Amino acid sequence: MSTSAYGMTVANTVVTASDGVLALAWLIPTIPLIGFVAVLLATKRLGDKSAGISIGAAALTFGVALAVAAEVLRNPATYIRELPTWISVGGFDVRFDLLIDQLTVVMLLVVTGVGLLIHLYSVGYMHGDSRYPRYFAYLNLFLASMLVLILGSNLLTLFLGWELVGLSSYLLIGFWFERANYASAAKKAFITNRVGDVAFMVAMFVTFITFGTLDLLAIIDNAEILASTTAFVLVLLFMAAAAAKSAQIPLYVWLPDAMAGPTPVSALIHAATMVTAGVYLTVRLSSLLVLAPNAMLIIAWIGALTALFAALIAVRQDDIKKILAYSTVSQLGFMFIGVGVGAFREAIFHLVTHAFFKGLLFLAAGSVMHAMANRTNIYEMGGLRRAMPITFATSAIGWLAISGIPPFAGFFSKDQILTEAYLHGFGGVYVIGVIAAILTAYYMTRWFVLVFLGTPRWPDGVDPHESPRSMTAPLMILAAASAIGGLALNPVHTGPLYRFLAPVVAPITDLGYTPVGPWTEVILIPLAIVAAVAGILIAVFTLRGRNLNDPATREIVRGPVGRVLENKFYVDEAYAAVFVTGGSRLGRALQVIDTRVLDGVVNGAGTVTTKMAGYVRGAQTGLVRNYVYVLVAGMLVITAYMMILAR
Amino acid sequence: MGMITVTILLPVIGAVLLAVVRSLTVKQVQTVAFGATVAAFVASLVLLSQFDRTNPNLQLTEAANWIPAVNAQIAFAVDGISLALILLTTFLTPLVLLASTSSITDRFRGYAAAFLLLEAAVIAVFAATDILLFAVVFELTIVPMYLIIGIWGGANRRYAAVKFFLYTLAGGLAMLVAIVYLYTKAGSFAYADMLQLDLTLSEQRWLFFAFLAAFAVKIPIWPVHTWLPDAHTEAPTGGSVFLAGVLLKLGAFGVLRYLLPLFADATRLYAPWLVGFAVVGILYGAIVALMQSDVKKLVAYSSVSHMGFVVLGTFALNTTATSASVVQMVNHGLSTGALFLLIGFLYERRHTRQIAAFGGLGAAVPVLAGFWLIVSLSSLALPGLNGFVGEFPILMGTFASYPTAAVLASFGAVLAALYLLWAYQRIFHGPLVSDENRATPDMTRREIGIITPLVALIIAIGIYPSPLFNLVEPSVERVLIETGVGETMTLGGGAR
Amino acid sequence: MNSSDIQIPDVIWSAFAPELLVTAIALALLLVAITRGQTLRVTGPVAALGVGTGIALIVAGSAVAGVVTAVVTASLAGASVLYPRRASIVQAVGAVGAAAGALALTVWQFTSVVTNDVGVFTPQGAFFDSLANDGLALFARFTVYLVVLIVIPLGYGYMRDRELNRAEVEPLVLFAAVGMVALATANDFITVFVALEVFSLALYVLAGSARRDRRSQEASLKYFILGAVASAILLYGMALIYVATGTLALPVIGDILGIAVTNRTVALFGIALITVGVTFKVALVPFHLWVADVYQGAPSNITAFMAAATKVAGFALLLRIYLVAFPAFVDVWAPVLAVLAAASMLYGAYVAVSQHDLVRMMAYSSITHAGYVTIGVVAVTDTGLASVMFYLFTYALTTLLTFGALIAIERSRRGEVTLNTIVGLGRTDPWLAAMLSVGLLSLAGVPLTAGFIGKFMVFRAGIESGWLWLVIIGVLSSVVAAYFYLRIAGMMFLNEPVNDAVRPAYGQVMRVVISLAAVAVIVIGVLPSAILDMADTLAVMLR
Amino acid sequence: MTVLTQGGIGLTATPETVLFIVFGVLALGSALAVIMLRNVVHAALMLVVNLLAIAGLFLGLQSAFLSIIQVLVYGGAIMVLFLFVIMLLGVNRDDLLVTDRSTRILAFAGAAVLSAAILFTFIGPYTSAASICGPEAAAPTAVTDVRCYGLEQAYDRTDGAGAAFLGGTLFTRYTYAFELSAVLLTVATIGAVLLARRRDRDASDDDIDDIAETLPSDDTQEV
Amino acid sequence: MPIGYYFILSGLLFSVGLLGVMIRRNAIVLFMCVELMLNAVNVTLAAAARMWMGPDGQVFVFFVIVVAAAEVVVGLALIVNLYFRRGTLDIDIPSLLRR
């Protein structure tokens, strides 16, 4: 306890939480888990009412989380809640211990808070679904898993949560499994994540070989024993794992498809919480990261490219959720820019604000879809501002927040990341980030305008109306958070959140960072605002007066470039060609090898036996004279052997 | 009479009862068979209670003269490894019999008797400390299984049964020759005496391969696995469950008990090769599983892949990986057994195992789908379920010795997810179009009762595997010391 | 020249008492046949004579021999009383009685004659050692008479159904048995040759005893021609050994060849020719060609007898000749026998795979088994000798069991038993199918059957003597062999019966005999100690 | 004779040599005739000549008693039986030779190899002066030379014709074989009766054959 | 005269007999050839008996003659039987049993 945890400049003490509210921290993942099981078991008896259990569990979890957070805020330290052993074999020990520190608390609040809101929202949104209780059960399972991920004090327990969120995600994406492509999307998400998991597992192997433990604190404390090559490999492996979970190039492909799930799920899992797990992981291991500057450079570039790439794709999408999905990928890219340039706290800050505004935008989209009888094409919308005033208003806040217009939350977090990138000497990353920011403003404006402004383009028979209170209430709460969250948490570079998180992230020393005067930021901030406004204005001007009913001309970006963007750079197709077609070719080849070659040898041995038997059997001619010949021949051979060879 | 003998004899008594008393009604036959297996399970629990976990050696020894002329004894003893596998056996058999009561309508008496004999033989394999006795019961397991596949199996059962028989017999006979050789050196068949033998490396080499022939076929190690898909596909549900759950473990058990300690030098010499074959098996089995249209065949190939992990861990030769291998044996028994049970339930409803015939069943049979998913997840090593706690330490331990192999094998996990979830998707997801699918009834109370213990264990081991690890680890360490890698490779520490 | 120069041999009656009894009963049975239904006319006096002899023997001190004689002859008369007009039953009872009596006398010989008070077993020679009552002889005697005891009831109903139950059959079987035992006890070339011819001639005739069946006739003719040629070759070999050594007594030959060889080439030539003759009798490749045809053509009960007993006699001869007469030339003949054994094991197994007729399949299987036994021979150790005896004993039992079942099937069918015949037998007659399966599993060498222990012992002997490659070939052939045994079992159990499914016919006696054989096969498989110990004890030869 | 003597292979013109050459040539020639003559009766007669020639050889070997037995049993009983059967069956013409040329060549080659082995075995050690039988035999000159002792001394102790000499051994040393030969003759007799006795219902005798012929004698089915 | 010539003659006679067995198809002639072989061996035995000054060989000849007689009895019975059934003495005709 007296050791300096984390090896950070601002050290936390390590405390074993044995009493008080922190001792009850084990309840945080357990309550939703119990909720999950209880709902499943109670469904038969209680029917749709069993969903109440789930909401109760979420609320209770949020309550406990709040209490824990309050405790940590009051006495900042790293708390370990000891729990039983999970696996212990031959020097490999893993316990279920919980790790609670500042980073955990931030994540806890985001997850449980947004989670609770989405539980509530879902009451209205999922109303009438045939598997209503099961949906809530899955939500609870997700919460439990995500909380295990956040609280695990050990890479393996973290991995446990990591995988279980994948499972929940799988279950929820494929919630409407009757739709074949939804089921495929679920599977795609799981499999893609598995690829990352391999990297995660190998990373754990390397970690264990190196450190002799998978305990997070021990790793962070002893990070400096890493050789630089090992550190480089290790960081990249963790990044590969994070790239899968957080939808970065090249493993982002599952996230847009994941929009097959119910919209609140998209909001919760595929925008606010789960997909940020990769960010959490890398920030958690920041003291490892800083040992491998080259790896961080790669991370930053992955983030930047993903941000730009996804933003470009979003420009030509016309599905209300797909745009948001690519936007999420893009925003996650920003977070990884933060991680890559060493702005760990900024990344977390952006994670938080993103949870607010992206959750908000998704929920709003859900609200719109709810009103539009599950239509998702933004060209079939328009002019909803009157029909759905609350949704419109809250969406507007979300739109401004993501576009980076001050004083909304997104502005602060995104700007701080880009500024850090610039300050740390990542000029290229900064430029790409700015371009991505302009694009973000552009496509979000397009999204907003096409959905809410202009004249209605929806077909006959659709009668949009505002969603019920259970849905609008979360919208409003999130809108409020999006509006003031940034200002409240970290208005300037060294705000409260920044200071709060200081003990748990590694300081940047070695990245060519030369502290520059505050005047640099003074230049950069207006630049960011100009970029955001430029994006919005481009969108507004290009959309004005355009015939949006004509598919041929309604898009601004047309021609070959447009087609490439519309088809998402053909990445899915390329992957299909390489992995699906190639894989099935290989599979067929092995199948042939199995049946023809390996089994063929066996069966062939049988056939040869039978054939040989047939030939040999031919000697048995039935003619006694031939038998005599054989007899005499045998006699001569034996005689010859004995008399000549064996003399 | 010691508890091991009791555990072995109880099923035998049941079988004899079934064979001798001809006037039993079907109900009575079921009761006798089930009762005998449950009694054996209870007996094995008593065995567990008598077992001293801290003692790594073979214990609870029982011995009686068998063939004094050749110094052969009927000698039994258990260590943690064998006890774990005995428990797995006695746990699975009642469930298997219970599951068969509805599917096996023809000559259930013979079926039950065959199973009881099989159970007894398998327990004897795990408990034998006389190597001749081991060989005898090892071979003997073939016969009832042959009958079970051959009589109660599917359309192509004869081919599958004969293939199973000849494949395994061929391996077993090679081992028999080696055993006789060992006997001529040691002058007795006692395992303890065999351990004292001082064999030259060239002797060890061929003996190693002779033993390996028997075990590799049984496990099965690629490329001698081709009997398995056929056997699994054609076997009745109970047969498949038992085959996957228990019989495949005989080989892996044999490797641990005999191959490693007796031919330590050869083992260390050839371990890299076997690791290589294991990796090939893992990936190959998984890829071929992907291509299957028959769900049983798919699971059969998945067994090839999963047993590859067991082999990998065993020949990684460090406590972590090798102990986890034993745990993985149990896990594979549970999850693949459960999967076969579920396939059997589905088959009873639909009389087909072609994946293409299904689709959208998740809506029609949600409970079955749920269980299936859990079991599939266990099989694809989702953390929190049992498959993971076996597979991960195996890979971890292997990484310490063979990093490349471990990394390659890790991709087996991706592939496992792919084939299992793809199969799940094709069976349970998608629109519920055909009338047969729509009319498929969900699981009955009895079926839920059968699968629940398995799933409970799957989850329990996934969350709290320590008792299992504690049971096997001392024994595994003993084996590794005998194999000459006793200075247990300390994982971690020095950076590579 | 005065007659006092001629030594009057001191006949040790106890040395061949079983043969004496069997021969006497066989002659009596011949007489029974000519009474035309008045069997008591013969059996009465025979019984009187027998009982009288028995009492005399008891008085003379041979209580066991006396009792056996009296009981066997009395039972013959008893059968006559019970079935006054059924000569065939009386004959069958007489033959069984003779075999049982001979068995009793064999046991008596072992316990009282060749084993002294403190239980030490000493081989006994008689007639200037032209007859050897050693372990091998006692083993062969016991096994052969046991085979007779079993085969007579197995064949009774079968022969009746096929109208083969001619009066000469039982006596010929008994004479053949006497010949076989005499061969096993023979310790010089003359006795060997005569004994060989005794049982060979009897078997030639028996093989052709189904006179109306062309196949039987053909079998008989083929067997005869080949047998005669082989005998001639064997005889020439013996003559050459005589040329080389100047003696015909096997132990003396062994001594002479061991000390100094006048002319090695002649001896080698002789050994080569003897190898041909002897391996012809035990049917090792390439001198096996008669086996399949003869087995298939001969009446099945005779085939059973041949398969079970001839192997015993043949291997007894082989062992005695090679181990007693030619131990000095082991380097020469052992490789040859090993090659023949390997060829037999592979050939038999491979060809059997493609057979359709079960009896013919059994013939090839017997070739395979001859190969296995030969592994024990080339081991040239006491372990090997014991393993050979054990193997032969269990093989005889198993063969009888298998043929018993086949005979039961054949009786119903009056024709060949093919794979198609037995389809679904597991349904129509589970008991018989089970019995046949036990036999087949034992032949295949599946654990917990006698066959497994037999193979095990033989392989062990082989490995101990360094014949690893031979053992490996044995294993390979076992796998192939398992396939065809398994195929039969599969046909019975894994298939549903067809419409004209067989309904095997057998009486209670047959049922009991087959069951006992099956039980014996399993008991020996599980607890082989008694037989193994006995084999170890008997692995002593008069040298 | 002289030529042979000069050839140095030990043949001298003793009476024994004369006997040997005369009867040897006769035996070999008649044997070849047996296997070459197509007429069975002629072959049988040639066999008689062969048997008698061998009886002559026995004389040369100082085995007069064997010679007598040979004439009586073989030349008398056995050959009569042969001729009787031949006549009974009425098969005096026979052209049943193996017609296949290559087979015949093989057969001759086989016989030639065997003959070569025999010559190889005996020429040399058994044809030296030491192998001349009786007291007149020279001392062996090579270690491989075989000494022939001759029967003279043995006969000296008995009656000179060999009968008692033979009988003495036969009824002492080989009693058991002698007794067995009694069984052998019984077996032969019973066997002949069993096989050759013609019984009832010969007309429908072949019913079983018919069944046998309709059955598939070859396996065409696989499992 | 060296005793070896008897052995050689005997061996040649044996070869001739064996050759006869191989090239003749008539059962009776075949059988006569077997007799030739047995007789050939008799010569060897008698010669060896002389060589070794012992009675054993002569006794063996005696027994061979007995055995030959017994064999002839059985063999001829078989041949008669064959002829009555098949109307031929060709040993190539009976070949029901094969493969």
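Note that the chains take the letters A, B, C, D and E in the order they are written out, and that residue 1 is the start of every chain.
Assume a contact is a pair of C-beta atoms (placed from the backbone, for glycine too) under 8 Å apart; a residue touches a chain by one contact, two chains touch by 3 or more.
Since this is a predicted model, take the numbers as computed values, not measurements.
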item	value
Those chains which touch subunit E and also touch subunit B	A, C
Most remote chain, CA-based centroid, reference being subunit B	D
Greatest separation from subunit E - chain, by CA centre	A
Chain closest to the assembly centre - both centres taken as Cα means	B
Two chains joined by the most C-beta pairs in contact, as defined above	D-E
Chain centre separation in whole Å, for subunit D relative to subunit B (CA means)	69
Centroid distance [mean C-alpha coordinates] between subunit E and subunit D, Å	5
Gap in Å, rounded to a whole number, between the CA centres of subunit E and subunit C	26
Between subunit B and subunit C, centroid-to-centroid distance (C-alpha), Å	45
Touching two or more other chains - residue numbers and ranges from subunit E	7, 14, 17-18, 21-22, 25, 47, 51-52, 54, 56, 59, 63, 66-67, 70-71, 74, 78-79, 81, 91, 94-99
Sequence positions of subunit A contacting 2 or more other chains	610, 617, 620, 622, 624-625, 628-629, 632-633, 639, 643
Numbers and ranges of subunit B residues touching at least 2 other chains	158
Which chain pairs touch, all of them	A-B, A-C, A-D, A-E, B-C, C-D, C-E, D-E
Residue ranges of subunit D touching subunit E (in the complex, touch as defined)	9-12, 14, 16-17, 20, 24, 27-28, 31-32, 34-35, 40, 43-44, 47, 50-51, 54, 57-58, 61-63, 65-66, 69-70, 73-74, 77-78, 81-82, 85-86, 88-89, 91, 94, 96-98, 103-104, 107-108, 110-112, 114-115, 118-119, 121-123, 125-129, 131-133, 146, 148-151, 153-154, 162, 165-166, 168-170, 173-174, 177, 181, 184-185, 187-189, 191-192, 195-196, 198, 212-213, 217-218
In the complex, subunit A residues that touch subunit B	84-92, 156, 159-160, 162-164, 167, 170, 174, 177-180, 182-184, 186-187, 190-191, 194-195, 197-198, 201-202, 204-206, 208-213, 225-227, 230, 583-584, 586-588, 590-591, 594, 598-599, 602
Contacting residues of subunit C [partner subunit E, same complex]	189-190, 193-194, 197, 201, 204-205, 208, 211, 214-215, 217-222, 224-225, 228-229, 231-233, 235-236, 238-240, 242-243, 246-248, 292-293, 296-297
In the complex with subunit E, residue positions of subunit A that touch it	617-618, 620-625, 628-629, 632
Interface residues, subunit C side, partner subunit B - complex	441, 446-448, 452-453, 456-457, 459-460, 463-464, 468, 471-472, 475, 478-479, 482-483, 486-487, 490, 493-495, 527-529, 532-533, 536
